[in-house]
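Notes follow once the structure below has been shown.
Should a chain be cited, it is by its letter among A, B, C and D, assigned in written order, with residues numbered from 1 in that chain.
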Amino acid sequence: MVLTRAIEERGLSLYKQGRVPGSFYDGRGQEATAVGATFALGAADPVCPLIRDLGAHVVKGTPAAAILGHYLGRASGVSHGREGNVHFGDATRGVVGMVSMLPGMMPVAVGMAWAFKLRGERRCALSFFGDGATSVGDWHEAMNLAGLQRVPAIFVLEHNGYAYSTPSARQFVVDPLERAAVYGIAAATVDGNDVEAVFDAVRLARERALDGGGPTLIAAQTMRMHGHGAHDDASYVPAEQLELWAARDPIARQRERLAQLGVDVDAVEAGARAEVDAATQEALAMPAADPASALTGVFCEGEPQLLGSGAAPWSGFAAA
Amino acid sequence: MELTYLEAISDGLRVALREDERVLLLGEDIGAFGGAFKVTAGLAEEFGSNRVIDTPISEEAIIGGAVGAAIVGMRPVCEMQFADFVSCCFDQLVNVAGKLHYRVGLAAPIVVRLPSGGGVAGGPYHSQNPEAWFMHAPGLKVVAPSNAADAKGLLLAAIADPNPVIFLEHKYLYRRIRGEVPEGHYETPLCARTVRGGDDLVVIAYGAMVHAALEAAEAIEEASIRVLDLRALVPLDERAILDCVHDCSKVVIVDEANYTCAAGAQVASLIAQYGYEDLDGPVVRVATPDVPIPFAPSLEAAVLPGVDRIRDACRELLAY
Amino acid sequence: MVLTRAIEERGLSLYKQGRVPGSFYDGRGQEATAVGATFALGAADPVCPLIRDLGAHVVKGTPAAAILGHYLGRASGVSHGREGNVHFGDATRGVVGMVSMLPGMMPVAVGMAWAFKLRGERRCALSFFGDGATSVGDWHEAMNLAGLQRVPAIFVLEHNGYAYSTPSARQFVVDPLERAAVYGIAAATVDGNDVEAVFDAVRLARERALDGGGPTLIAAQTMRMHGHGAHDDASYVPAEQLELWAARDPIARQRERLAQLGVDVDAVEAGARAEVDAATQEALAMPAADPASALTGVFCEGEPQLLGSGAAPWSGFAAA
Amino acid sequence: MELTYLEAISDGLRVALREDERVLLLGEDIGAFGGAFKVTAGLAEEFGSNRVIDTPISEEAIIGGAVGAAIVGMRPVCEMQFADFVSCCFDQLVNVAGKLHYRVGLAAPIVVRLPSGGGVAGGPYHSQNPEAWFMHAPGLKVVAPSNAADAKGLLLAAIADPNPVIFLEHKYLYRRIRGEVPEGHYETPLCARTVRGGDDLVVIAYGAMVHAALEAAEAIEEASIRVLDLRALVPLDERAILDCVHDCSKVVIVDEANYTCAAGAQVASLIAQYGYEDLDGPVVRVATPDVPIPFAPSLEAAVLPGVDRIRDACRELLAY
């Protein structure tokens, strides 16, 4: 989480310095959801992160320099300059990434999980999605198909109460959490700002999935502490609400826990800062993406590279 | 009054809302927030949330709902947050809206506003030019203004039109282009316009490419170059196109959209069949190659047709 | 119902004689749902019938000859040869008709109802849809929007347990009826083969809609007694199941009721047969659609014709 | 062995399922029922319901699910019940499947079978030719066989291809065309083929129009007419097209699809730019005008390009 936030803070400052092209989106305040959920996955479990889920990329092992280089549109950024901001994946690490069309990766996650089930592999696929994205037809088709085929999938709903500027009250009248049941999908709600709670919820969902119990929808209650993007001051969010959630900052909370466990959190944070400083230098030193590369790779030639495996430091535990 | 391209569109919406109570705006975050690009800023305040309506993220329902409202007498104007999302309501547009009048004799006067185009480091999902898809779907009109006055005039013409109209507003022009815009109500006819005189060669373009074409023309002192701004793609002003070919006998057609089956392909095929005898040289096309629009400025510049490519194409053809 | 069945029987026999081009679909066994529901509507309440709902067209007043002429592709059939089989509407009578893409008219019905609500008119819109169609994204988007805006709409689910050859068990795990609640939409289930029960359920739903109570989903339990189309022998449906439902034929049941009320049902049936015989002669005498007309009417020119009003013999009662 | 066009496709599917366990069929009613056109008849029995899978009516989820399965190693072949329904999954095709390799480096080897085309009194929703939409969407390959041997060979090539392939199978040819088809596995290259020799004029066509072109050519004894069957639209065999223009210097291009921005527009623009000097006469196009395909045979015949229109176009051009 600390590293995730540090990377996003750096990306944002680079953006404000005018060095990051296009627009910039972050997941400030929601780090616990992306990080906790992805930590509970095995190395072979693919993930489809969304706008607020840089933490998922970080946990899967995409290096900070590759991410910052990507923000900057550099040749050795993870997307080699083809994608920007939060729109990227890391094929070698089991990160399919997102498409802008929400929630376009839900059916894709269902398809991956479906394949695992058909092949009898003990793997699952995880897709994040926002509360607003549940209004889109794709969400319904994916949920219906997942429930019907009982695929080993985990759907993490990032319930931050807003879709861009639009509050949930103007998105739906019944909470998406309650909708899981009409698809025959198990549901759980969790404090999205408590990284351990998210981890545990996903760990259980993963066990269910691997044991043939079908998909689970996990509603992580959280709050988007920044605007939708760097251009959005989120003035439509009541100040009190933000204060309330500021007090529930996922990192501050975890900090206390770890301190009690005797972990030197300062050292961790210092380490993250140092890593991001070094990564920033590395990224800024990367050459701009080579214009000649713009025309290649539309089609795959030769044997396709399959989705690789990511880092899964806790997966042994997750599998336990 | 002098307005930016974006202000001209806002003014057109305001005029329509003021003078015609049947007019209704539908879209995501277009209410109090004023839309992702602030095109509808202030309109919800002036006309109320019953005429400037925030919808859930449901593109199919936005278009289908607009069609339903239209056939019982409303004049809905829908905003896609980015043109790219129009693929999410493709079915309602091509199969419901486009075919309704032919099949059932019911007119569906809706306008679908698409903030489109590249040059803003938007990457693969915030840079697309989808117009050709709709040119290939009978029953839909398609317009693409290149300047402020046309943007307002074509918008008012689109709202007055009894048919579904796809309105392409170019993001790159939003704040970069400004010009004199008449007050109040006026309608720009859906036909082409010569924006620069000349008789050695004609460059045919629309939208943002009109400006690139003009710059390229300016750069060529040695010849007199005409620039034709199509403004409307459906109906296509075939007469104006063929007249230009007759007068200039050399033609360069510019598309910001991907090369294959673009608007320019249709224009070229029209000329190759009906303007053949007037031709003195090949029908030259300049377009974005068939690749997704990459994010990095270094890559995007390598795929979008720039002033240089257009100028060189003209020079080469002039030397033919 | 009697007339509806007589028309479809005639259409089917004309099809088997090779006089009806293309394919042929009917709603045998489901007449009570379409007829009962449409009878409960006011003249100004538009309806979107589906494959099994010829009865809705008949109740709204489209003449038998216009329907048979349409099947035959004749110039004065209701679609003037532009559409065939069940794909048609009747703009002058408030019948929007269907599109093949299921359930594409759901969002359209929501849009009509939305307009009525915004204009404060005491009208509602009704859309039929099948159980299988509930798996499509459009259904979800339309239901969500309808519940959110509390529009005066009535959704009639024709629950016949099959989507073409696919039984409900392979369409969803939770009955669509139960899904209404997660959209904040009232729901009722009714015997779809009991025309009076359907009528009453829709009458109540209409009152709720007109009184601002929002949309209602009515699940009509019924059975498709023929294949999906004339080409389909429905051998995938267990014979016992068909026998069971044959005993619950909606017309036979209503026949008894009416007989008890002293109605001369034989006369009614004879009348319907006579009407269809005459209509058949009329339809067969119609000239084929004029080839020249194939190219006209893609776009609406001049003032658009709005959706008209249909017959509503019982609407006074419905409004009561 | 001699097979119909339809049997050849079924045989291709059977061969692929037998030799490659990664191959999986997804679609509506394709299992025990064998599909709306019986293309998959018998396959569920032979390969089981885990490889020939009936899906709910969820086109977006079918394509998204197929992409997900593909990126983890499966080779899904999806069937749209009619090509017309592909507009319901347009977003997943153009934005997810088409862009995945360029953006993330992940290949999505899926095949999407589209029973397309008119001539069968299918009306506006069962007659469309959507290929041009996908030609204008980078990252998708598009093939359209005109005979039985190519149908099987191109299908096997499409399944072996590491990229998403849109496979257009023409309904009109299903049972009307038969021919010698090799046993077992073979792949037809994605390139054009000269199906009739000649050097006075070349007719360029694909799909069902190849047969109309051949008939038209036969009808013209006075000149030697070549017919080029494109077979693949993406990649487009530009070399073969330009060679024909070089050899014949007169060209007629036929589309069954709507005229504007059709495949033929691209072919014409290619010739007008790169084959200009070889031309002796205008580049003539014959296509379906920009109207929905009407149902009545009298109307459909008036819009689809028939042998007569092609023959007359050739005669007129020969006289140039």
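Please note the rule applied: a residue touches a chain if its C-beta (ideal position, glycine included) is under 8 Å from a C-beta of that chain, and two chains touch if they have at least 3 such contacts.
Because the structure is a prediction, the values reported are computed rather than measured.
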Chain at maximum distance from subunit C, centres defined as averaged CA atoms: A
Subunit A and subunit D, separation of their C-alpha mean positions in angstrom: 39
Centre-of-Cα separation between subunit B and subunit A, whole angstrom: 35
Chain centre separation in whole Å, for subunit C relative to subunit A (CA means): 45
Residue numbers of subunit A (touch at least two other chains): 79, 82-83, 87, 99-101, 135-138, 141, 144-145, 148, 170-172, 298
Shared-contact residues (touching 2 or more other chains) in subunit B: 56, 58, 60, 84, 87-88, 91, 95, 99, 102-103, 124-125, 138-139, 290-292
Category of the chain touch graph - line, ring, star, complete, other: complete
In the complex with subunit A, residue positions of subunit B that touch it: 28-29, 32-33, 36, 54, 56-60, 82, 84-85, 87-88, 120-126, 289-292, 294-303
Touch list for subunit A against partner subunit C, complex: 135-141, 144-145, 147-148, 170-174, 178-179, 181-184
Residue numbers on subunit B that touch subunit C, as the complex places them: 24, 50, 55-56, 58, 60-61, 63-74, 76, 91-92, 95-96, 99, 101-107, 109, 138-139, 141, 162-163
Of all residues in subunit B, those that touch subunit D in their complex: 84, 87-88, 90-91, 94-95, 98-99, 102-103, 124-125, 132-133, 135-139, 234, 236, 257-258, 260-266, 268-269, 271-274, 276-277, 279, 281-285, 290-292
Subunit A residues within the subunit B interface of the complex: 21-23, 73-74, 79, 81-85, 87, 99-102, 132-133, 135-137, 163-166, 170-172, 236, 288-295, 298
